[in-house]
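Everything below concerns the one structure shown next.
Per-chain numbering from 1; labels A, B, C and D assigned in written order.
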Amino acid sequence: MTPSRLQARILSNREKKKGVFLMELKAPGIARSARPGQFIMVRPPHGSDPLLPRPFSIHDARDGSVSILYRVVGRGTEQLSGLGKGQALAVTGPLGRGFPIRAGNYRPALVAGGMGLAPMPFLAKKLAALGRIPKILYGCRTKGELLGPSTLGAVIATDDGSCGRRGLVTGLLEEELCRAGSCRVFACGPWAMLRQVSLLCQKSQVPCQVSLEARMACGLGACQGCAVRGVHGGYLSVCSDGPVFDSRLIDWEQEPPL
Amino acid sequence: MTPSRLQARILSNREKKKGVFLMELKAPGIARSARPGQFIMVRPPHGSDPLLPRPFSIHDARDGSVSILYRVVGRGTEQLSGLGKGQALAVTGPLGRGFPIRAGNYRPALVAGGMGLAPMPFLAKKLAALGRIPKILYGCRTKGELLGPSTLGAVIATDDGSCGRRGLVTGLLEEELCRAGSCRVFACGPWAMLRQVSLLCQKSQVPCQVSLEARMACGLGACQGCAVRGVHGGYLSVCSDGPVFDSRLIDWEQEPPL
Amino acid sequence: MRSNPPGRVDTAVILAGIRLKNPVMAASGTFGYGTEYRGLSPASAYGAIITKTVTLEPRPGNPPPRLCETPSGMLNSIGLANVGVDRFLREKLPALRNAGTVVIANIAGRTIGEYARLAGIMDRAPGVSALELNVSCPNVAHGGVAFGVNPLTASRLTRAVRRAFRKTLIVKLTPNVADMAPVARAVAAAGADALSLINTLYGMSIDTARRCPSLGNVTGGLSGPAIRPVALYHVYRVSRAVRIPVIGLGGIMTADDAVQFLLAGASAIQVGTANFIDPATPEKIVKGLVAYCRRHGLKSLRELTGWLAG
Amino acid sequence: MRSNPPGRVDTAVILAGIRLKNPVMAASGTFGYGTEYRGLSPASAYGAIITKTVTLEPRPGNPPPRLCETPSGMLNSIGLANVGVDRFLREKLPALRNAGTVVIANIAGRTIGEYARLAGIMDRAPGVSALELNVSCPNVAHGGVAFGVNPLTASRLTRAVRRAFRKTLIVKLTPNVADMAPVARAVAAAGADALSLINTLYGMSIDTARRCPSLGNVTGGLSGPAIRPVALYHVYRVSRAVRIPVIGLGGIMTADDAVQFLLAGASAIQVGTANFIDPATPEKIVKGLVAYCRRHGLKSLRELTGWLAG
């Protein structure tokens, strides 16, 4: 699927949790071809500062619309948060290589840390449609930061124990991996968490796909700006070789590429 | 009066004519000390592009609020036009030297071309308060561009004759100057019009004050960016020596300083 | 010759012997090898595509992070990450040749000899219409000072490449010098057919939270609208200092920006960073240039070059 | 010596012999003669005020328009418009001396002799704590090339001024060179006590509707956030090339920007264009610097200089 670019109308843009917004955009072409783990790039609308489009995972896609779940962390996301229904935004997508989901006899475990929850609802939906009901393991710092509809039925860990298990989401994963049966892991979150997830999976010989982040310019594999070092030396492009990678392809000893 | 700077809340921001907006800002300090012909500087709110604050004449000042009447001509004014009630803007003012208005036995003639109407309502109000009911002469290209409440009671000229007299506002002024009695002219508008007004007044030996424009950075006389050549050589600062000048101080042979 | 139909504006330019259907070119390093934007922006919208810098051997490029945004600009420290000339010829050039536009190969080397060898290879490469020399790279024989800083070095380099390459030779100059004119004149005298300017300005950014440079490579090259006034300044001055055509670039985002460069003296322009922001930029610029000509009663985009009033 | 109360951060810096209550200075040409911002921004918020460049004779400056906005930046071609040293001493200095902060006079001349004469006058001027040499002006004896481009010229100039001026001597360098380090070293060896960098980059803009340069003077100097990455790059490199303190400036708008320059190696910073955008910038920066130190457990702003990790 080649990506497309359009002026997408905002259908809604609501604050779900302090500083985290859910934006729904009218983009039938993107909605139709999007796969879980892919992303879109959205250009902040005012002037040339900030300049570059911002990448966001596709949170959901249906009925001609795509949505993103984003945290306000800087000026670009701040501009986005100030927009309202009916305004239009330049959007490009779907971009990148998503999670490889296939039918088959496996238990999918979706491991999300913090904003890493963003791509999970869409992924869970598509897996479920293939008859592979996923287990979602979701960790964040504290109860107040928990995102997403409780209907996701996630098993939860918080750093401070204010909800679910006290500790890291990787703790939940360790238990999950101990169970019998063939498991596949799909993970998204901060670098340190993904490194740990990758390690656990490698030890248990469980296939593991991780969704990475990097600063991006083109989002298309043209500028080589979003490099991450691969395990055999040399670099991979997060935008076009990923953002979802087989965790064994990544050199986890490098500094996070952000 | 030293100027002040504040985050002023927008009380209203409405399109009055295609591309021309009236914005009312809550700014009690500025409203209290403002004099007709002075201006405020307003900083477009998004990022550093555009960078500099924009100067606008004070259109009216009362009850703790100041208003500006502005035309959307570029990115700064476009950003302003997109703002709504309740949002806040960085505003500095009142700035510059306004129209020198004194009691006395004279007929004030207010000559406005196009957006040069902006400072006139405030000026007319203050003159009227001194018992000097002004005659307003107002010219623009065509009926559709006419601004301001008809209650201003202006004598009108349009280039195409679609409203009032056909021709330039300077034609109206020539007639006005022919009348008996002592007249004082206060003018605001494009450079070519002001030059012509200045010429007419000089011929008739009528005192004439013109409000000039120049690109500005500081608005305070600190950067020397807003220079206009004076009649004796050397430069005047539009922001602090003006924007209102005795028309005889200006070298009208120079290129307009925009 | 038939005259144009009324209102029709001729968009073609002849640039040092190559005919371009329009004067808008994709800048090196920002349009990949011409196929990455497929679907979003046909390469054929461009009058020419300039490749990412190609070197003799493949290069991995610099450690990440390689990008960092700055006010109205961006820093990059991609380095000369590229597949090397062999894979370029085998894997990239065939698709590029068929993209429906003129192909210009941008090359760099560590030594003058490397440049000359690459030029020789490109001379025989089918479909490569011109060469653009990236002279902003460190000259290993001269303590890492870029080839393009010293007029003498730049001139030697140009002469060596000129001997190895028979088609159109463009030299892309660095703005990180006190005065670009002497280098421009030296390079023109040494046989360059045209000049491109500017390459990126040196820049840096620091992540204060982590107290370290924002780029893995510490420093990088600044591009985007932030540098446009600097680029325009150099184009204005250099186009008055040489007789060969100048291709202007640096922060061009809109047709109005492109008009500024043409009026300043450029014969063509390149679009770099703007590709990231709106891949439809080349079409929009060509349309806008045509509209500008129409408004001013010009029949050809060529008439814009140097058409400052007064 | 008593240690600071817990959480108290010492904002003072000693810059080449002068004690500044904080390391934030007003950049030349953007804060007038120190009194124009009265009411909006007390000059006393600044650790020091640097005057608009003063010359021997009054200068009218360049023809308008003198300003033009660019993406995240601005061009100015004010020229050296100033009242001349006599009126400066008579009319401007008295108020400036009483503004509650350190006064630094920025000077320029057409010849080395003019600089030296001015320096001598300033040496005797009461309340002038330091001199900042603007070496970005055309050297009439050398075909109009700026004094600050050539290490030898810059060094001669510095030496001549050094002989005439006994207090702190700062040289403000131009970034319009291939490499600032040689000039920086030459100037340091010739007796400068500190360096300021950067002055503006050359730039230009064209009004396409009128087909003429946007500035009356055709070209101008680029300042503002657009040039921040370039300024930071030079500060990082030059502060590693010399032993005298470096004052960083160029596009500093926020405390985070100021921290970047200090971490890169600056001992103090200057605020220029930001004065136009928010006159409260100096107070905000000082507050932000203190907050940064507190977050990182530092007791003095001086500890920030060169404090890059790794």
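The working rule: a contact is a pair of C-beta atoms (placed from the backbone, for glycine too) under 8 Å apart; a residue touches a chain by one contact, two chains touch by 3 or more.
The model shown is predicted, which means the values in this text are computed figures rather than measured ones.
Asks: Looking at C-alpha means, what's the farthest chain from chain B?
Replies: A
Asks: When the contacting C-beta pairs are counted for A-D and for A-C, which pair yields the higher total?
Replies: A-C
Asks: Taking the mean of the C-alpha atoms as each chain's centre, how many Å separate chain A from chain C?
Replies: One centre to the other, that is 36 Å.
Asks: Express in whole angstrom the distance between the two chain centres, defined as the mean CA positions of chain A and chain D.
Replies: Chain centroid spacing, chain A to chain D, equals 46 Å.
Asks: Between chain A and chain B, what is the separation of their C-alpha centroids in Å?
Replies: Result: the chain centres lie 53 Å from each other.
Asks: Got the chain B residues that touch at least 2 other chains?
Replies: 47-50, in rising order.
Asks: Touching at least two other chains at once: which residues of chain D meet that condition?
Replies: 71-73, 224-225
Asks: With chains as vertices and touches as edges, which is it: line, ring, star, complete or other?
Replies: complete
Asks: Please output the residues of chain D touching chain A within their complex, sorted ascending.
Replies: It comes out as residues 71-72, 225.
Asks: Help me check something: in the complex, which residues belonging to chain D touch chain C?
Replies: 70-73, 75, 149, 176-178, 201-206, 208, 210-213, 218-219, 222, 224-230, 232-234, 236, 251, 256, 259-260, 263-264, 292, 307-310
Asks: Where on chain A does chain B make contact in their complex?
Replies: Counting only chain A, the residues touching chain B are 46-50, 75, 79.
Asks: Quick check on the complex: what are the chain B residues that touch chain D?
Replies: Interface residues on chain B, with respect to chain D: 2-5, 43, 47-53, 90, 92, 214-229, 233-235, 240, 254-255, 257-258.
Asks: Under the touch definition given earlier, write down the residues of chain C that touch chain A in their complex.
Replies: 29-32, 36-40, 52, 60-61, 63-69, 71-74, 76, 78, 81, 216, 224-225, 253, 273, 275-280
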